[in-house]
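In the two assemblies presented below, chain A is common to both, partnered first by chain B and then by chain C.
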Partner chain A sequence: MSLATETAPIQAATSRRRLSRWRTTAVPYLFVSPFYVIFLLFGLLPAIFSLVVSLYNWHGLTFGGFSGLQNYKILFQDPDFYTALKNTAYIWIGSVPTMAFLALVLAVLLNNKLGRLRGVFRTIYFLPVVTSLVVTGLIFSQLFSGSYGLINHMLSWIHVAPINWLTTPHWMPLTLILALLWRWTGNDMVIMLAGLQSIPGELYEAAEVDGASKVQTFWRITVPMMAPMIVFDLIISTIGTFNLFAEPYVLFGARPIGGVNGAGMVMGTFLYQQGFVYFKFGYSAAIAWVIALIIFALSMVQLRIGNRWNN
Partner chain B sequence: MAAIGSAALPLAACGSSSGGADTLVVWGFPGTIEGLQAILPQFRKQHPKLNVRVQVFDYATVHTNLLNALVTSTGAPDLAVIDSSYLASYAPGLVDLNAQRAEANREFLPPVTELSSYKRKFCGLVTDSEPIALAYRKDIWDRYGIREGDIETWTDLADAGDRLHQRSNGKVFMYAMLSNEVATYEVMAVEQGFGGFYFSDDDNRVIVDDPKIIEAVTVLKRLWQSKGTYHNPQGGYSGDEVTTLLKKGILAGQLCPGWYPEVLKQNMPEQSGKWRLMRLPAIRSGGPRVGYQYPSIFVIPKHRNRPEIAWQLEQQGLTGAGARHLFTTQHVLPASRQVFNQYRPDADKFFGGQHVFPLWQEIAADSPRIMFGDGLQEAQTIMGNHLSDVLTGAKSPGSAMRSAASALRLQLHKK
Partner chain C sequence: MEQLVSTARRTSRSREGVRNLKWSRVGLYFVLIVVGSAFLLPFYWMVVSSIRPQAQFYQASISLWPHSFSLENFRNLFKQSLFGRGLFNSLLLAVAAVVLQVFFSSLAGYAFAKMRFRGQQALFIGVLATLMLPGSVQLVPNFLVMARIHWINTYWSLIVPGIANAFGIFWMRQYCRSVPDELLDAARVDGANEFTIYWRIVLPAIQPALASLSIFIFLTSWNDLLRPLVFLRSRDMFTSEIWLTIVGQNGHLPQPGVVMAGSVLASIPCIMLFATLQRRFIAGLTAGSLK
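Up next, the complex of A and B:
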């Protein structure tokens, strides 16, 4: 027997081991690869492409070439950008904390009191989330109409003059906040309810034994234990608010987008207007990146606050 | 005409076809495409080997999809309807139909072929004619002693509004406006000789700081300040709230483009005979009393291989039976000369037996050259915000218009 024939089985065994090791290492990657391929094609590449586009002067069918940071410079001089940012911030402050608080209170009520009716109420509160946006827009435009709306009609009972909710600039963001609260509180409530059900019952029993009132129990046990869920909810709602589009679009109309004086203009509709009404693709890509950076910064702040709160 | 047109049309390079080799694809939105759909059986007889597929989308979808198709040079239809306010944006991607212009001029009422041209490129035929008049409730005006003959200028209208509101104990308004009222501004700009509304006729310059425009905006402010002007109706001058106010007799007059009378007729048939149409007021006594809005245009995208057949279809859809069908079902004012003349002698019962077609024709004939410039929609938004500063008293007309001009120059890269 030659040396070659003696070493052949050893080499074959080594190859098998290598193949086996490769399989052990690679197969998991193979299984998760569909996600990454799809993410690469439809997530990462478009994001990188939009970053590149934001550096070009691309207006409809006219490709004006590389313009560096010009789109960003123009954006920071654009009064409409600040109007949209101010409105979005106003709506964020007006809706997100209120919505989180209302959702938590509703969730606590549903969790404690209603027993078998919990499912019914959960469905009722969740119903606006699954209602068509067009229907929501129609309902709110009828409710808040200046000359024939139900809200103004009810206000007339206490001698309040009609308010143009949908066309007077300082009332428009408030109307939008109310619409958002109506539509999304049920969604947040379901998240909160899931969080509440993970709090150990012993904590409440101990509090009851110690003679804590319901309010004390809520603030001293429920809220701290729900901190991670509340932070999660706030971050999701912040992202939602800065990407808000459908509600203001439906409520204030599309011509012009944002309604009278752009008072209902938010970052999402501002981006849409620049990209798909004015066809300023480079500019709208720059807006998209600024929105992303704002959301990232706000989310980091919320996470930091949440971590401190947890600690 | 079709034969001449076919011969003269440039044959574009064959591109990818969303409808297959034997399919002619048409994109449109409701209110524009019905005439063309009506003549399809006849057109199919003329082209038995050709399959015509008409796809109806909503307004925004047609514009977005067409832009995507033109940018990527793939998937464009053979024929599409666009709003004329977008004409400048799409013009580079459209077939130049200048060889058909003379024929179209004979077939259609002026200024139709100019409306669908951008920088001397004739891009297609319009679906309707849209001169603007003032519609008013004659019975209400009579009740409160307002006469059409007394209103020659916008200031006269504002004064009459004051009287109407006072005499009705604050119950009736003369006119409705938004605080970012570009609709009335655009009428006034046209009356001051600026058919490009915000831009010069060659679309290179911003004109909103011109002294004539500042004068017009000063007049607009007077109209806003009239007690008879209803402020900020939901949906603007043709929205739901104005309809409600008109129906209730709270509003006695409004801007009325060529398509609007039929909206009135449909929404308030019970008011038949009570309405009248009149020429718009002028800025100054003796000045022009005109206005013109944005019709839709059938255009032929480049990179398709049958522009001559698309042109035939477009032409048949907007003349003869097609135009008649569009008028009788959608009630838009016909741009086709033949169809317009057919209905010209008719007395309109809704307007108290008034002959409204000759009035429309006079307004259209007196309008200066209308030009839908690049960035028109953005200009409307920017101008609206600055008009609001004027109307709410935050800025003087001169200061606001200079500021608007700077913003327009910055955003739209014009002089």
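Up next, the complex of A and C:
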């Protein structure tokens, strides 16, 4: 009797201790597991599945037979793909370097002694960043409207005839570039402002003693010191450009997507059109993988250039 | 003598410098104000257009100032679309995204920052690696999966995949590292379990980071157009963003006023959120990018 009653609490204690040890080892895994479960189900498996999808023909929601690299072959002969690629490249050239430069200049200007005004200007420049992408597209389609747009109205003051910004192929990408500059420059500016704080003040003092001008200081000190930040910014913007969807979709209309002659078609809208307007799932998945590879390659190139620039 | 000349030169240079400084200040303000106006003009035009009666858009010359105040556009907006319902759907999706993603990101971020466990390094690199995969790659297969499990046209299709927020975990880990270990140890000695420590000590300590992550998640969800277009099918499920594109492309006659009225309404939640959490947001953005 005595033996039984005496061992029971000991057993309970050891089992409790074992339980608590199990708990402390399991807890971290428990805390991080939701990410992996959801990512596995809706991220990794779909990404792998998407490779498989891209190797098949599809009839609606059902497999239509294995086609190997057929989708990719068709893609590289598709003039629409090259239109989208060309437009995306054009928009990249027009917006990404300009935006990084503008953001850096604005950040440097705001870094002057401005007192309370600094906060005011920073908020103004940042305000577009909290405006939705669809609203951005809509506002710019108003501003650049051929018949009632503000821009044409202002151009009429200097006797420029109205321009159909949104339906003339060679003006369309420019309109999109301006919308992107308005929407995103504030975002990059805040990143640049943060970077500027890490440049030692002595560098500027030394430059001032040497009688360097503001412009010289900007190119000789600020830009090289900000190189890692600029590279980071360029990579983020590049990824953003290849995923552009809402702004061009709104700006150039969805009937047809890409607008007149597809002059407003970019990679993001092309992928959507093929997949969810024409329901060519295999083709759309192939486009997505090509976009992913392009993004990856461009990021690597920018990192390389950034590294060389740093040394 | 030589010294005298050089001091003279220096003083004249510094006087010139003062004059230069004044002019450079004027130039600075000029540039800041011109750029600022360019940034504000689109907002101004949105608001003015939203209260301008439809007929006035097609007059020979459009005026820069609002001459009359009319709610006609707002009335038409609600007549032509379920815009109220759309705003509700957008809000519901964004709030659900914020609550779930902030919770799971901070929980995992805390574990990565403050706990030691086998495979930790590899698991964390795994989180970062997922950032390399562009979301568009998963779009088609996710659609096929959602169709199979009957999640098309449900809130789940948009809420659940977002829970795996690698960026959120990364960000939360950075902030959780700054929570002093003594604080956590003291709680452990008092017999608090890990979840209590997370809930009672870690969360309050990283509040500014939670605020900035919340805005970020809210805006990402609110801005999303691609996924709602793909996954939502019926009028009562559409988000305000989808309704804006529908109203904007309403066939026969463009209705600039109605579209701008909708844009004003859709901007209000985001701007209100930004206004209340502004300082924390910008501070969070900068801190996040510095680390």
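In this section, the second predicted complex is superposed on the first by the 267 of 311 C-alpha atoms of A that agree within 3 Å, B and C clash if a C-alpha of one lies under 4 Å from a C-alpha of the other, contacts with A are read in each partner's own complex, and residues count from 1 in each chain.
FYI, a contact is a pair of C-beta atoms (placed from the backbone, for glycine too) under 8 Å apart; a residue touches a chain by one contact, two chains touch by 3 or more.
This one's a predicted model, so the numbers in the text were calculated from it and none came from an experiment.
Overlaying the two complexes on chain A, which is it for chain B and chain C: clash or fit?
clash
Have a look and say if chain B or chain C is in touch with more residues of chain A.
Touched residues of chain A are more numerous for C.
Does the superposition put A:74 against chain B (first), chain C (second), both, or neither?
A:74: touches chain B, not chain C.
With both complexes superposed on chain A, which partner does A:167 reach: first (chain B), second (chain C), both or neither?
first
Given the touch rule stated above, what does A:128 touch, chain B (first), chain C (second), both, or neither?
second
Is A:253 touching the first partner chain B, the second partner chain C, both, or neither of them?
both
Could you tell me if A:195 is touching chain B, chain C, both of them or neither one (first, second, both, neither)?
Once the two structures are laid over each other on A, A:195 reaches chain C alone.
Regarding the shared-chain residue A:141, is it in contact with chain B (first), chain C (second), both, or neither?
After superposing on A, A:141 lies in contact with both chain B and chain C.
Would you check which partner chain A:215 touches, where first means chain B only, second means chain C only, and both and neither mean what they say?
Neither partner.
Would you check which partner chain A:158 touches, where first means chain B only, second means chain C only, and both and neither mean what they say?
Neither partner.
Touch test for A:276: chain B only (first), chain C only (second), both, or neither?
Both chain B and chain C are touched by A:276.
Can you check which stretch of chain B gets into chain C in the overlay, out of 3-11, 57-65, 183-191 or 345-353?
In the superposed model, chain B runs into chain C at 57-65.
If you lay the two complexes on top of each other, which residues of chain A touch chain B in one and chain C in the other?
61, 141, 145, 147-148, 253-255, 276.
For the complex, which residues does chain A have touching chain C?
Against chain C, the touching part of chain A is residues 23-25, 27-29, 31-32, 34-36, 38-39, 42-47, 49-50, 53, 61, 106, 109-110, 112, 117, 121-128, 130-135, 138-143, 145, 147-148, 150, 153, 182, 186, 190-191, 193-195, 197-198, 214, 229, 232, 239, 242-243, 245-246, 249-250, 253-255, 268, 271-272, 275-276, 281, 284-285, 288-289, 291-292, 295-296.
Going by the contact rule set out above, which residues of chain B touch chain A in the complex?
Against chain A, chain B makes touches at 60, 64, 67, 70-71, 89-90, 92-93, 178-180, 231-236, 239-241, 244-245, 250, 375, 377-378, 380-382, 384-385, 388, 407, 410-411.
Any idea which chain C residues touch chain A in the complex?
Residues 24, 28, 31-32, 35-36, 38-43, 45-46, 49, 57-58, 61-62, 64, 104, 107-108, 110-112, 115-117, 120, 123, 126-127, 130, 132-145, 147, 160-161, 163-166, 169, 193-195, 198, 219, 222-223, 225-226, 229-230, 241, 244-245, 248-249, 254, 256, 259-260, 262-263, 266-267, 270-271, 273-274, 278, 282, 285-287, 289-290.
Could you pull out which chain A residues touch chain B in their complex?
Residue list for chain A touching chain B: 60-62, 74, 77-80, 141, 145-148, 164, 166-169, 253-258, 260-262, 273, 276-279.
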